[in-house]
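Every chain is named by a letter (A, B, C and D) in the order it is written, and numbering of its residues begins at 1.
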Amino acid sequence: MKVSVIGATGYAGAELLRILSNHPEVEVAAITSESHTGTSIAEIYPHLVGFYDKKLTSMNDLDQFADSQAVFIGLPHGHAMAIGRPLAEQGIKVIDLGADYRFHDESIYEAWYKVEHTHRNSGAVYGLTELYRQKIKTASIVGNAGCYTTASILALAPLAKSHLIDTKNIVVDAKSGVSGAGRGLSQNVHMAEMAENLKAYSIAGHRHTPEIEQALQEISGQDSLISFTPHLIPMSRGILSTCYATLQEGVKPEDVDQAFYEMYGQEFFIRLLGRGGYPAVKHTRGSNFCDLGWHIDSRTNRVIVVSAIDNLVKGAAGQAVQNLNVMFGLDEGSGLKQVALYP
Amino acid sequence: MKVSVIGATGYAGAELLRILSNHPEVEVAAITSESHTGTSIAEIYPHLVGFYDKKLTSMNDLDQFADSQAVFIGLPHGHAMAIGRPLAEQGIKVIDLGADYRFHDESIYEAWYKVEHTHRNSGAVYGLTELYRQKIKTASIVGNAGCYTTASILALAPLAKSHLIDTKNIVVDAKSGVSGAGRGLSQNVHMAEMAENLKAYSIAGHRHTPEIEQALQEISGQDSLISFTPHLIPMSRGILSTCYATLQEGVKPEDVDQAFYEMYGQEFFIRLLGRGGYPAVKHTRGSNFCDLGWHIDSRTNRVIVVSAIDNLVKGAAGQAVQNLNVMFGLDEGSGLKQVALYP
Amino acid sequence: MKVSVIGATGYAGAELLRILSNHPEVEVAAITSESHTGTSIAEIYPHLVGFYDKKLTSMNDLDQFADSQAVFIGLPHGHAMAIGRPLAEQGIKVIDLGADYRFHDESIYEAWYKVEHTHRNSGAVYGLTELYRQKIKTASIVGNAGCYTTASILALAPLAKSHLIDTKNIVVDAKSGVSGAGRGLSQNVHMAEMAENLKAYSIAGHRHTPEIEQALQEISGQDSLISFTPHLIPMSRGILSTCYATLQEGVKPEDVDQAFYEMYGQEFFIRLLGRGGYPAVKHTRGSNFCDLGWHIDSRTNRVIVVSAIDNLVKGAAGQAVQNLNVMFGLDEGSGLKQVALYP
Amino acid sequence: MKVSVIGATGYAGAELLRILSNHPEVEVAAITSESHTGTSIAEIYPHLVGFYDKKLTSMNDLDQFADSQAVFIGLPHGHAMAIGRPLAEQGIKVIDLGADYRFHDESIYEAWYKVEHTHRNSGAVYGLTELYRQKIKTASIVGNAGCYTTASILALAPLAKSHLIDTKNIVVDAKSGVSGAGRGLSQNVHMAEMAENLKAYSIAGHRHTPEIEQALQEISGQDSLISFTPHLIPMSRGILSTCYATLQEGVKPEDVDQAFYEMYGQEFFIRLLGRGGYPAVKHTRGSNFCDLGWHIDSRTNRVIVVSAIDNLVKGAAGQAVQNLNVMFGLDEGSGLKQVALYP
């Protein structure tokens, strides 16, 4: 099948190309970039030499997508809606890696992203594969889950679903490598300043907060309220999310274990390290895995769940391909069963 | 004045030597190491060439400390008590960088460290300078505060003291560079495995937990209970502590601000970045500063405080020298007023 | 076909398992380790969970290799000969990732490695695929090329072959990530000490020196003498080799270009960045590519060639699989056409 | 004494402020920046909070320098000449950290820097302290030595002076942390792309080449010709320079040793690790030291010298202060005797 990638020069776009080059069922048709139209993608990303020598086109030429069965969108939020609508209307499946199609209640999107939502009632499905698989199968548009949100929701979903925790009293302390900040230049990502550095940002205001709350509410059927704090870590890739929740009265450690094994026992891309397990981001580097470990703090009656992913794979391009596989009835792991790069 | 350093080959010991070489009032007498007796300290740490060419001695020869007015101890926990007692009995002031003298209730020490406490009722004072300065002035033995604990207690103390938070419902998510794991070798600190890696450890069981709780209880006069999670970060030095506490009813953002400025407004080594401020560990690298910023999350009614220190300076050797200065009536910043190494 | 891996717990062994899991024609039979016999490989390397759950066996049970058509050996030098001989005698193809089978003149091996060579006249072929492909096709034993040597020989071979340089006046300044030092623990690879650090080692005595000289002599038909200096770089993976050679009289820049394009123009795994090109190790990370760029310094009449590889892939496990493919008549890139992990 | 800093917002300027804050004889008067005039320096560099709260001024107001006895200039090349001339004419000593005053033959400067030299015959002295100390004492203008050049010249000077090497056949392979590329933003220094990366740049054309040659010619009285290759290393600070020279006939290892000990035996800031020594940049981090080790490769008749410095200290701001001390008859190490930050 043919697919196209809109907005290919960002890190998520480049990562999509990396993964798709290894996908046995997929051929990449158009690759677009408004800022580098006419340039070869391999000039911008020399690691792609030998795999892609296509010239970047403008997304505004819709004809080029005519023989694509699916189009991935890697644009900044607020820009996917304008191109997503005509593509969907042409019957092309859309997988948006940005935030435009992630919210069921567009007013939440508008409140947090400060942008008018211009493609309401699109029927988009939230693209966190393990939790929304059935709906993704028949979706026309998938709003691929965010990076922090994938790590955090996967960590908390079993507990929320089994009503083991108070979903209104959760702290999510998340840590990301600097590729999460994108390819754009800023003093924040200048290596001289960020090497051997570490800091929090967007406290109490990061836009992944309502996305996590939306998912936990849907899974638990209860209101959810979280304090979410992202941090910048001196490394390229990887997210570790440390999630703290208060256990409901009477919950036993075995109940917690059971919740995880029941929900994820059959999932290939979720590796359960068990109670007492310590995921390390490097074990997921370059792979589509989410590694999970959980701990009971009996002194404080909290459960602490730690999850590790590669922010550009399971947190972006890998999960997008996983969703593609689900949408088209392919083996869900097709093109994705790569071992992490370690050490 | 003369001082000696027992257990000088660990990172805290080496950092003490770095700082003391710049201290105008101090001369280093004996430097000891049981594992490298007879070796020159500069052979082990070539960055000290030009400053120290002393041979390492064994601490068991007590005579060598006779003309030292103070002795720093940089031994693993459980070993400082045996040497601390005879030193104190000889009238030599003791500053222990380990955990042996940090707890007022030795049974807590014994429960968390699994070691019998053999120097009870030593009169030791907890060495977190800004909070215990008055007692440190006249102390014979100071149990220098731990690295994570210094960062975490300084972040929460103003809120605890002013009764603005529920001291029994606190989450402290702390992140440390690998020097915090010590100089010993392990797969955990092998650079090939730890570069571009990130992980939590000792969840619900780290020994700095009761130390933080002890301080918050004394400051607030109320029970304290925290969930403390340390993380290993791919960098050499630095700690960032992200602390989450629930605000008491009716607390206003200005109350929070006031608590910080009242408590720390005159402190040289605590830099208040204010409400909305984001400390970065690199701004404290190699310096004795603790940088603090705080944030109100009105949606969840939490206050989030972020603190940054250099784990080997304010978190160990720097604070030890600060305590020395206080104990001997010197300018508290003597030898410590160095700008951080940035970038 | 079935293959086995002897000495799988080192980094090269683990990398072999990563690559082989993606190889469509290969199934892994036995995985051995003398130090961890009985343990699951995924316990030691959790990134392999989901791909390998085999228990590690002892290599001394030769029967377990009976249905393997080829065996990879990842043992320290001096140990491959003892197991290589019986395997070869049983008609099993051997690919040794160590140094034991790299030298045509065993006395050179003995002089540099200080070990007696006990498997002389083994008929082993030197496993630098692009240069020895024809011989590798029919080899029973391949001595897989070293990491520094692969990068350095590929950089200089076209110039040596075309007699454009003085092969007795070459400087090779090479830089490697710390995984090149192996998985063993030492202060050298302690992250607190090696992060933000950089140093040379084994000057004028590194064992890859005679290996480079051997290849250049064979290619040029002339004596070769190089000064080789390896450096440890604060990163996990990757080698950059900067090679300086004096041009023979009258050599023009176009002659240099032609030498590279003639020799490597059809090679998939060698990417020519051209005259003026600057390879970066990260563009090869996790891939089997060797990127090459060359520069003419007309002031000094030198040509400077820069090559970049991933030390564990093209410098070890990837090239081993490339050799396997050649030995068994498979597509040479089978299992190896993966895009580098960037950023 | 009062001094001022022109162009304080670059890394060298900020480092100057760090060092000067610890200098017992110096008070900083004006701090200028054309791009951030009116901003506080501590807003740009929060690590300076507590030490500097001055507002940045424009350098064009010459009156503000009237009570400064010396002015440091941290401007891009080509800009120091315009301000250096009027300052010198007012009798203010000038220490330029850029290239404008480094060349005795301005035509070499013009050829390599592509800028007209507008302050010829300025009487400027080259500011590599250990080699030009006598002239620096009475200089009005000092052209502070470059970072790569300081490391490389100090490595080769004893051999050039003692005529032990062929000064026309030298290879200098140098490696620098990314702060050497300055504070400006570029994809090259984006941490996501530069972490775990490594590359060469400016081969056969880097502007530090003629600066090294000039010094070696003056020291040896012979022509000098070098191939100089700089590399970008994934770390913030530090330079390692690996220098290869061919020994003259009959030179013995002891002659090499003697050359180093004779020239540098009494130098505090040059630490001789001896024949066989391996400098590591981290041992010099934040300090003004240059660590040197040398090796004889008898097979190739080469001497290989390795030198390590902190590019922002001995390679820029530290040496500038060292030169200030010499110019004003202060203790040469005043403000500079700080132990490196290790680990």
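The rule is simple: a residue touches a chain if its C-beta (ideal position, glycine included) is under 8 Å from a C-beta of that chain, and two chains touch if they have at least 3 such contacts.
The structure displayed is predicted, hence computed values, not measured ones.
Visitor: Chains in contact with chain C and with chain D: which ones?
Guide: Touching chain C and chain D alike, sorted by label: A, B.
Visitor: Which chain has its C-alpha centre farthest away from the C-alpha centre of chain A?
Guide: So the chain farthest away from chain A turns out to be D.
Visitor: For the chain pairs B-D and A-B, which is connected through the larger number of C-beta pairs in contact?
Guide: Between the two chain pairs, A-B has more contacting C-beta pairs.
Visitor: How many angstrom between the C-alpha centroids of chain D and chain B?
Guide: 36
Visitor: What is the distance in Å between the mean C-alpha positions of chain A and chain D?
Guide: 46
Visitor: How big is the gap, in whole Å, between where the Cα atoms of chain A centre and where those of chain B centre?
Guide: 38
Visitor: Where in chain D do residues touch at least two different other chains?
Guide: Residue numbers touching two or more other chains: 11, 177, 179, 183, 190, 192-193, 195-196, 234-237, 280, 282, 285, 342-343.
Visitor: Connecting every touching chain pair, does the picture come out as line, ring, star, complete or other?
Guide: Chain contacts: complete, every pair touches.
Visitor: For the complex, give me every residue of chain B touching chain A.
Guide: Those in contact with chain A are residues 171, 173, 175, 177, 190, 192-193, 195-201, 203-204, 225-227, 229, 231, 233-238, 240, 242, 244, 278-282, 285, 295-300, 302, 304, 306, 308, 342-343.
Visitor: List the residues on chain A that touch chain D in their complex, please.
Guide: Per the stated touch rule, the residues are 11, 177-179, 181, 183, 185-187, 189-196, 234-237.
Visitor: Over in the complex, which chain B residues touch chain D? Could you list them?
Guide: For this pair, the touching residues of chain B are 11, 14, 17-18, 21-22, 45-51, 179, 183, 195-196, 236-237, 268, 271, 273, 280, 282-287, 289, 291, 337-343.
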